[in-house]
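The next block holds one structure in the form of structure tokens; read it before the comments.
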Amino acid sequence: MSGLSPRLTRLLLGLSAPVLALLAAFAITSLVLIVAGDPVGGVWGEILTLPETRNLANILNNATVLYLSGLAVAVGFRMNLFNIGVDGQYRVAAFVAAVVAGEGWLPGAANIVLAIAAAMLAGAAWAGIAGVLRASRGVSEVIATIMLNFIATGLVAFFLRKVAVREAGSNTIGTKEIPEGSRIPGFEIGDGSTTEVYGFIFIAALAGFAYWFVLNRTRFGFELRATGASTTAAVASGINVKRMTITAMLISGGLAGLVGLPILFGDAYAYGSTFQSGLGFAGIAIALLGRNNPIGIAVGALLFAFLDEQSNALQILVGVSPDIVAITQGVIVLTVVISYEVVRRYGVRLEQQRVAGALEQEHRSAAEQETSA
Amino acid sequence: MSETAPAPASSAPAVRLRGIGKRFPGVIANDDINIDVEPGTIHAVVGENGAGKSTLMKILYGVQAPDSGTIEINGRPVSLGSPADAIGHGVGMVFQHFMLADNFTVLENVVLGAEKLHGIGAAARAEIMRISDAYGLDIEPDRLVEDLGVGARQRVEILKVLYRGARIIILDEPTAVLVPQEVDELFDNLRELKAEGLAVIFISHKLDEVLAVADTITVVRRGTTVATVSPDEVDSRQLAELMVGSELPSPSTESSTVTDTVTLSVRGLRLRGEGRPLLDDVGFEIHAGEVLGIAGVEGNGQAELVEAIMGMRPAATGAVELAGRDLTKTSTRQRREAGIGYVPEDRHRHGLLLDSPLWENRVLGHQSREPVVRRGLIDRRAARADTQRIIEQYDVRTPGTDVLAGALSGGNQQKLIVGREMSGDPILLIAAHPTRGVDVGAQAGIWDHIRDARRAGLAVLLISADLDELIGLSDRIEVILRGRLVGSFDPSQVTPEQLGSAMTGAGGAA
Amino acid sequence: MSTTTSPRPGTPAKPTKRRLPRWWWLGAMLGVLFVVSVLEVVTGADDLASSGTVRATLIALVPIMLAGLGGLWSERAGIVNIGLEGMMILGTYGAGFFGYHYGAWAGIAGALLMGALGGLVHAIATVVFGVDHIISGVAINIIALGAVQYLASLTFAGLPGGGSTQSPKLENVPSVTIGPLSDALGDLEGQDIFFLSQLAAVLRAMVTNLSLFVLLAFALLLLTYVVLWRTTFGLRLRSVGESPSAAESLGVAVLRYKFSAVLVSGAMAGLAGGFLAMVASSNYRDGQTGGRGYIGLAAMIFGNWRPTGLLAGSGLFGYTESVGLRQGGTSVHALLLGVGVLAMGLAAYQLYRRNVTQASVILGIGALVMVVWASIDTVPGDFTSITPYVITLLVLAFASQRLRMPAADGQIYRKGSAG
Amino acid sequence: SDDTESSTGTDGGDAPSSDVKVGMAYDVGGRGDQSFNDSAAAGLDQAMEEFGMESQESEAEDGEAEAAREERLRTFADAGYDPIIAVGFAYGPSVGKVSEEYPDVHFAIIDDSSVEADNVASLVFAEEQGSFLVGAAAALESETDQVGFIGGVETPLIQKFEAGYVAGAEAVNPDIQVDVTYLTQAPDFSGFADPAKGKTAAQGMFDNGADVVYHAAGGSGGGVFEAASQSDNWAIGVDSDQYETADSSVQDAILTSMLKNVNVAVFEYLSEVNDGTFPAGITTYDLAVDGVGYSTSGGFVDEYTDQLDEFKQQIIDGEITVSTTP
């Protein structure tokens, strides 16, 4: 490998880690199935069948949501901030967006824009509390965001009951439905599919691009990453770490604000008591899986969505509890970091060897010149 | 005293190393090392930066395993798999950096790992007091280590070794952070140990010290022992030539380049601490073309002074003016933009992103300025190009700009930092210990760059624990003690001993 | 940020810590009880210090405290353990499976072992492979949840009273009552004498129908203190959390100590889960932990990485949760008054210390709380349920700067890094 | 994985047989939750036994996506299951959507009547009516004139239980004090699975003077029973006759249970299917059809049955209308 260019080496190393992890997760899950006496072949056969068009749409939709959640978590990670609170943030934000969009103060698309803005603001504000507490009072953002998740649940429940409307015959409550003109239309993939792909997928892709551009190309992104890499070096180079902490939490929360919106604008059209929860925690795993890289996060989100979708039928068709894929998912997260670590150590060794080799050669040629002179 | 360390047979050396070899990925740290250390002597090991001294000592102390070679202690071959083994054979080591848990008491730090000897309670305390009195170490067992000064910490380290009954004591650069008086005290301690028949292995870059205290000197070059000499046979210049194989550069200032223009003016700088103030009414001026050296025992406010001038200490009060512009209320970035370059004391903590490539490290601290950043966007190509320029101008030994900073050796990292800080065309350079632990060649390079810039009108604030460097480079030296400037010296008149007295508060201003 | 201050030579010996009297915590507890008694009298919310509340608090605090002890063990050895929740989940299953098949004590052992299994995974990942502690913890939380749900549907479905999400009822862990004392204290509690009745209520809860598992938990708290702060093993364990390289240089087998600390940590968290399944309720249920592992971690940080502090943190949490569940509307309303008055006092103190901004922020919060208190009669359910979290956040916001975690906590250590 | 997950029709020689394949989509908790999923399962089991039907089951995951619920129904439909029974109001929107995609497949949904389609039967219950009766029983039994209600998660469905209970208690004793506590708020559905919280809340009510506590808290109810049993007070069960299903150690504390006969609804629906007709539209199981009621096992309410039956008749006759919201 030492003969390859450093960038290619790094790319190959980067790819080998997830592959290693997938293999390990596959093996461990199979082992669990064998020990439990469940049909290994049947389970993998079902999970690895080619998804039908509508399943594909579901996978894309679910992945869109998970992707946004992963991005939100990843922004924090890039700065060594651990935002466990995406879960609370997106629920607060989806609720606010549903209320705003449901009221329909503005017509059509303007209403969508207003609601999205409101959601991002709400998510940012909720995350900002943890940011301010961390920056000004030194409260660990891990603890603060955990607490804020619980608090979000209570507050949203309270306000939901204040504004709720209840459809006749239904036992759920929800916000007012978003008017027809302010929904984001989906599109079909293939024909005959009854399930459409969320139109929001484009906004998610845009968010991914913005994430990449801001973090990797702008001065702001550089400062954010530098703070994450070394707070002390950041301070010495003129970065205001407290402000970066708050800003990063605000951005993370703003992105978290988008998490519930594909569902809201593409499917549910209201925020109710059965609105999907727990997406923030999935986002942590996905950000870790994707190594905070926008493409990697997309792959991770697709993988998780794929496993979720394909395991759904396990109980009906194979008679195995779909919880088995949670084991697979968790093991993937763990094995991914372990294999990244193993590969990283290997990479560092390669790098050192390369540097030392180059220096030695330089040294030798210098010595030769000396002797020939 | 360890039972596995019998009374030395008259012929066998305390330590005999034969053919020791140790390779790291891509580096040969030790190669065919042969050393004999006699009991009742102080044996110095000297060598260039990265020559492999610390590695060798870690092998002798069981921290790292050698790839080849044999170790004999008191005439018996031993295999040292861990520090515990080494301790069992009567070896003790004081590391280059303090190995103390700050939040533990002295007692806890001392008994850790040796609880079997006297427990962790009253008996242990009594034993510590006994050793402390016997060697005049003056140690209070129940104080938290974080409240101790460097000298006291050094003595705790030695006590740790004695407590374990070590007969062979390794000291890796113990004097780097001590002032001359403290060094003398340390040497008195060492001589006492020697008198008791202990073997002391002593590593230092300061050749005068080595010549003053050692009975035997072994020189290590590129991982190999090249000579073992007696201090009577050599002087420091010869020793240096043995080490590097070439002449030793020295920090000497040529004719003064000081101008009348005041570049930096600091007035009434104060910073509150928990007890006494960290900085107390500090004020001085530096002119264009002038190097102002700050001398002081570590921890007397140098770090705080630098950070206050850099705007990294928001609580500091007082006025900072750069070329007539008031910077008192500005942020660190604004100060950097105004023309301050900053070579931090701790390059790993403050100077570099170790896990980022060199070109990103070039951007660090200059992320608001061209050429590496344009209109808020990082210009990768320009950043790489400018990094390449630094690599060439400052002789940074690296295969390219995409190498991670952590893969460079300390000296090369330092050269990169100096090159980067000079690239913003600063009018003031704050250089804190710019050559600490840096090898002789790199040291000379860095001194040259500072001199060149000074000639071109740069003002330099130089903080260093190396008094020779301070005297050699500075146009003026201020001594800092307990957060106050206590004396001003002319480097052409002052001796290191005088400076040392002023630094500890024993002497007055010149 | 360079907040670490460098050592200062030449500074005279100066006591940095004021020594607290030996029984300060007893005094503190009595003080808190006194304040609560006053609140009861002033507001008429008589459930604030009833023996029922105390008992409920004991039950609610034990799982949090045990989880926190788990956190304490591993963080004192320098390993952050956010996987406590997952280890607790494993513990609930261990208690369910072994408790159902082999009886109560086997259930406790099963919880301990399953938790330790989670600890083992964390130890292998963080200590052996040097994986970031938080990542490993998150993964363990995911795996534990999935594994337990999968196992439960495999092993409990079809049992009488069991299902894919719950175990059959488990045998009780025995409990003790000191009859006469309990009755006498009951009488005293009933007499409504200021402070004495409240004190009697507290004591009564401790001698009435007290599960042996509660005793075990408190014994573990004490044991933790003794082992970590009074033994050689503890000294070494803490040293690898403060300065692993120093420890290694003195012959301490750093990785082995870290490894065993994380194992113990998992076992403690497993016991926390076991307690939830066997004492706080009486069967394993899917999702039973409800985030208590995270709360345990918070309680430990709140308690400044010390057993007494942890007890205070989990007590605060267990108390506010119990009070909210029992007669939330009135009790939490009364607590609002307490918080308001406390904030005023704190503001006055900060003003005296001349921290004007802090004083005004606290004053603002206090005033807000007082206004809320005055304008409502009872607190709605949504808000009683979030009380513990809000209070924890508030307390941390005002106290976190005094906290000091083990110096090398969260850092990855590799063998041979000494020197 | 094991025999309960995928039970197929009986294979006895002379057992009745049918070619109906029933798909059963449970809510979170599934079969064995000792609550209403279990009740639905009992109805299914009965139908399988009597008609020889075949069935397959699947249960929801906590916090799952709407799409997952839809997909569960589609998988059943694609695999040839007809009818498909969705247990729980959470399936409302997905049944609405999927029933449109599969017009030839028949669906039944429990606890929701928002879907109007020719192939959908809505099976809903008058929980407030049954709760009214146990509320009356609680008031009759109470000596302290103070009773309690513990809801698992504060949702409109559970509030129906609360409303009926309070109305029933007040019908007996207008001055009665009814303490109400919900364990968690949606979307935190752990209130249905946290017996520890149930126990604490119930104990609080008993300590505060209540002597009968009614729970509509699913799995958390076990804690309520324990609290009642340990403090010698009464608890009232929910959904099924919990005197029969609860552990014997707490049986004596279960005064009665509010019966929500999901099993009856499921069985009746399937027996119609067996007869060849697929019902559609809303069927309300109320007191009039014994879709809800109260249990008498243990005999603790025997002395009140006259009064309770009188209330029951008044409700059936429309003399009392029970509100569905608190």
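As written, the chain order gives the labels A, B, C and D, with residue 1 at the start of each chain.
What we mean here is this: a contact is a pair of C-beta atoms (placed from the backbone, for glycine too) under 8 Å apart; a residue touches a chain by one contact, two chains touch by 3 or more.
This one's a predicted model, so the numbers in the text were calculated from it and none came from an experiment.
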Least hop count linking chain A to chain B through chains in contact: 1
Whole-Å gap between the CA centroids of chain B and chain C: 44
Approximate Å spacing (C-alpha centroids) for the pair chain C, chain D: 36
Centre distance in Å when chain A and chain C are each reduced to the mean of their C-alpha atoms: 30
Multi-chain contact sites of chain A, meaning residues that touch two or more partners: 36, 150, 153-154, 157-158, 161, 232, 235, 321, 323
Multi-chain contact sites of chain D, meaning residues that touch two or more partners: 1, 5, 59, 62, 154, 184-185, 188
Two or more partner chains touched - positions in chain C: 2, 153-154, 164, 382, 385
Complete list of chain pairs which touch one another: A-B, A-C, A-D, B-C, C-D
In the complex with chain C, residue positions of chain D that touch it: 1-5, 28-34, 38, 59, 62, 154, 179, 181-185, 188-190, 193-201, 203-208, 219, 222-223, 226, 230, 245, 247, 249
In the complex with chain A, residue positions of chain C that touch it: 1-2, 82, 121, 125, 129-132, 134-136, 138-147, 149-151, 153-154, 164, 291, 294-295, 297-298, 301, 380, 382-383, 385-386, 389-390, 392-393, 396-398, 400-401, 403
Chain A partner contacts - residues on chain D that touch it in the complex: 1, 5-6, 23, 56-59, 61-68, 70-72, 74-76, 79, 89-90, 92-93, 101, 111-115, 122, 124, 154-157, 184-188, 282
Chain C contact footprint on chain A (complex, rising order): 32, 36, 82, 84, 133, 137-140, 142-144, 146-151, 153-155, 157-158, 161, 231-232, 235, 241, 281, 284-285, 288, 321, 323-331, 333-334, 337-338, 341-342
For the chain B and chain A complex, residues of the former touching the latter: 24-27, 310-312, 331-337, 342, 344, 346, 349-356, 360, 363-368, 373, 376-378, 397-400, 402-404, 407-408
